[in-house]
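In the part that follows, the structures are each spelled out as structure tokens.
Two complexes, one shared chain (subunit A), two partners (subunit B, subunit C).
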Partner chain A sequence: MLSVLVLFAAITVSQAQDKYFTKTGKITFYSSTPMEDIEAQNKTTTSVIDTKTGKMEFAVLMKAFQFEKALMEEHFNENYVESSKFPKANFSGTITNLGDINFKKDGTYKAMVKGNLTIHGVTKPIEVPGTITVKDGAIQAVSTFNIAPEDYNIEIPSLVREKIAKQIKVTVDMAYEPFRS
Partner chain B sequence: MLLLCFMSYAGAASAQDEEEDLLSLLEEEPTTEYATASFKTTRVINGHSIENVAGGVLDLKISHRFGMLNSGAYNLFGLDQASIRIGFDYGITDRLMVGVGRSSHDKVYDGFVKLKLLRQSSGERWMPVTVSLLSGAYLKTINWQEPERDNYFSSRMSYPNQLLIGRKFSEGTSIQLMPTVVHRNMTALKSEAHDVLLAGIAARQKLTKRISINVEYYYALPDQLREEFQNSLAVGFDIETGGHVFQLHFTNSTSMIEPGFMTETVGDWGRGDVHFGFNVSRVFTIRTPKD
Partner chain C sequence: MKKLIVIVLALVAIGGVVGYMMYNKPHRSTAAATSDFVVSAPTLFQEFNTDETSANAKYLDKVVKVQGTVKSVEADEAGNVIMTLDAADEMFGVICTIPKEEAANAAIPEAGEVVTVKGVCTGKLMDVVLIRCVLVA
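And then the complex of A and B:
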């Protein structure tokens, strides 16, 4: 009986080590035009990564993006991403080159992630490059990529078109820690 | 042995579930969501809305009321006459704002403080309404009507105090109630009340993402003001264009400040004593909130 318990405990531990999570992931986006630079940061992104399957999931609360100007934040929520209607952005995908990454060994690895990104109620497949750093049992994942508001049915009226970039640069910075259930 | 089988089975089942939705592993932290942008600006039309300017933001407001529409084509339906108020509002914090202004009508300097006491929220903390307190001091500097009698400086002052109780019912619809008392140090007649009680109601309905229609009505409780004074009613549109908000409206009040439009409105909608007017608001971020 004792051996069964030990075995079970061992299973739980090995299971726990596969999955890593964060609730304080950082996502920033940056729109740059000759007229105006707009930057916003979200520090409450939740994400889970399963190192065994390479699966990654993200949930981003849109209202948690903080802007330099209060009015920008209001416009972002009210007019562009319509946060009340679409409170969260989601990403669900997998690391396509999982074989190149050794989550058990400290080091920095290039990663490709492919999956579906949902913003403003619109889901689009995306594939982005990233860097995964394993150190002392924690995982850091960083990625920078561009998205176009147009792809997600985010309307930008002609009056402010000059101020908002066609391509928005998104930076994702997640510090994962081991998940223990 | 049976136990082991059961355990491994349970383990397999849960592993499968987890593959479907990794995020469900994490317990959702209870969050509180505060209602935002119940009104486009800090004013519904003439009076205040439950909104404050954000901390560190300066809002320059330039407001005009033209003459009355029924003044005829000779005055281009009132456009020949205009009264103006220039004002600055500043957010000390997200919940405390102060403002100053100067109106050409009666040459009034005004200053006010608005404090958000409660914020409408849902989620972990639930609050059905936003409640703000507005308190102001208004100094009329127009020449005395009877300079020969003893006139005191204090007679130029009046003080409005308002509770603004509002709720954003849906993305497009917000309604607020404004119980108000205006204290006037001096009234024209002895029979008039020094402390005038009013009940106000205002509503905003969005027509598109950037345009809304607003209505504002202040009812002065009976037997406080002279017969000739009317209740203030205004209807208008808010049009937002990036950094500016334009408010275009029709109102029977000439004055744009609380004691004026609340207790000294002479226009009668029924006779066409209606002013066309607009407020233009432009915000400047003076201080960015530190993160």
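And then the complex of A and C:
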């Protein structure tokens, strides 16, 4: 959270055209087991990308993940991610192959992003692949990767363990617009 | 003995039905819920800005009725509407997501209009976020 603020603050002092942001980014997660498929979507992710340095910041409110079933949403918030105690998740990272991406030219580029993901108060380093599409001065960034709830000290009772995948598939879809200060 | 079996079977059946209903219980309807708070968008934003911890304690998971001026409105490809209310801050505001089922039945306001929305408060990132919003006439 603080890092997002710092990045926003940094925006005003550097070249505005280098920074792109969104407040309506989508993050979906999907858990698939033979017993049950569970999906949740959050449509209000805030994210900033600095095309000059390759820095990316994401922040999301855990309570804004919406599930198909009310009971799933309740379990997610109250028992698993404890969203009242840990209301936010964030990621702060850097594009490691910035040289391969030309933000000034329309096209689709492969990107690797490395950084720290914080969920449930636990921070872990992750490195994920993604795709960046530059078109008409806007940037779209998409990434799909897996995370394990256990890595973030998210305890799932053995009674329902079989219903929740060991690896949760996370999909990130951000449509960035140029930042105007 | 026979009677006992019938009772046990009946209990199992009831248990099954109750379990199924609990599993499929509907989301809390924002439209039908009475709002816990009525507040203006700038006030709500300010409360979170001043003291996020106490604002979280006060508003999280609560149905809040918010009045404000529409700053921007956009719809995603699925038809969900994301509306931002002005909060007397240059960059940030109160973001309200209106689910597509609700958006389809409501007149979606334009930027500049003064509206009242009811939604579930999920906290503040840069903006205060309300989900499952309905427009209140």
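The definition used in the following text is that the second predicted complex is superposed on the first by the 167 of 181 C-alpha atoms of A that agree within 3 Å, B and C clash if a C-alpha of one lies under 4 Å from a C-alpha of the other, contacts with A are read in each partner's own complex, and residues count from 1 in each chain.
Heads up, the rule we're going with is that contacts are C-beta pairs under 8 Å (C-beta built on N, C-alpha and C of every residue); 3 or more make two chains touch, one makes a residue touch a chain.
Just so you know, these numbers come straight off a predicted model, no measurement behind them.
Q: Specify the outcome, clash or fit, for subunit B and subunit C once both structures are aligned onto subunit A.
A: clash
Q: Let me test your reading of the model: by the given contact rule, A:Lys104 touches which partner, first (subunit B), second (subunit C), both or neither?
A: In the superposition, A:Lys104 contacts neither subunit B nor subunit C.
Q: A:Thr24 contacts which: subunit B (first), subunit C (second), both, neither?
A: After superposing on A, A:Thr24 lies in contact with subunit C but is clear of subunit B.
Q: Could you tell me if A:Lys163 is touching subunit B, subunit C, both of them or neither one (first, second, both, neither)?
A: In the superposition, A:Lys163 contacts subunit B only.
Q: Does the superposition put A:Lys135 against subunit B (first), subunit C (second), both, or neither?
A: Touch partners of A:Lys135: none, neither subunit B nor subunit C.
Q: One more residue to check, A:Ser84. First (subunit B), second (subunit C), both or neither?
A: both
Q: Decide which partner touches more residues of subunit A, taking subunit B and subunit C as the two options.
A: Partner with more touched residues of subunit A: B.
Q: Please work out whether A:Gln66 is in contact with subunit B alone, subunit C alone, both, or neither, and reply first, second, both or neither.
A: both
Q: Thinking of the overlay built on chain A, is A:Lys55 touched by subunit B (first), by subunit C (second), by both, or by neither?
A: So A:Lys55 only meets subunit B here.
Q: By the touch definition above, which subunit A residues appear in both interfaces, subunit B in one complex and subunit C in the other?
A: Residues 4, 8, 23, 46, 59, 61, 63, 66, 69-71, 84 of subunit A touch both subunit B and subunit C.
Q: Going by the contact rule at the top, pick out the subunit B residues touching subunit A in the complex.
A: 3-4, 7-8, 11, 15, 18-19, 21-23, 25-26, 29, 31, 33, 36-37, 53-57, 171, 209-210, 241-243, 283, 285, 288-289, 291
Q: Within their complex, state which residues of subunit A touch subunit B.
A: 4, 7-8, 11, 15, 19, 21, 23, 41, 46-50, 53, 55-57, 59, 61, 63, 66, 68-71, 74-75, 77-79, 84-85, 157, 159-160, 163, 179, 181
Q: Using the touch rule from the top, collect the residues of subunit C that touch subunit A in their complex.
A: Residue positions touching the partner: 22-28, 56, 60-61, 74, 76, 80, 82, 84, 91, 95, 97, 120, 122-127, 129, 131-132.
Q: Contact residues on subunit A for subunit C in the complex?
A: 1, 4-5, 8, 23-24, 26, 43-44, 46, 59-64, 66, 69-71, 73, 84, 87-88
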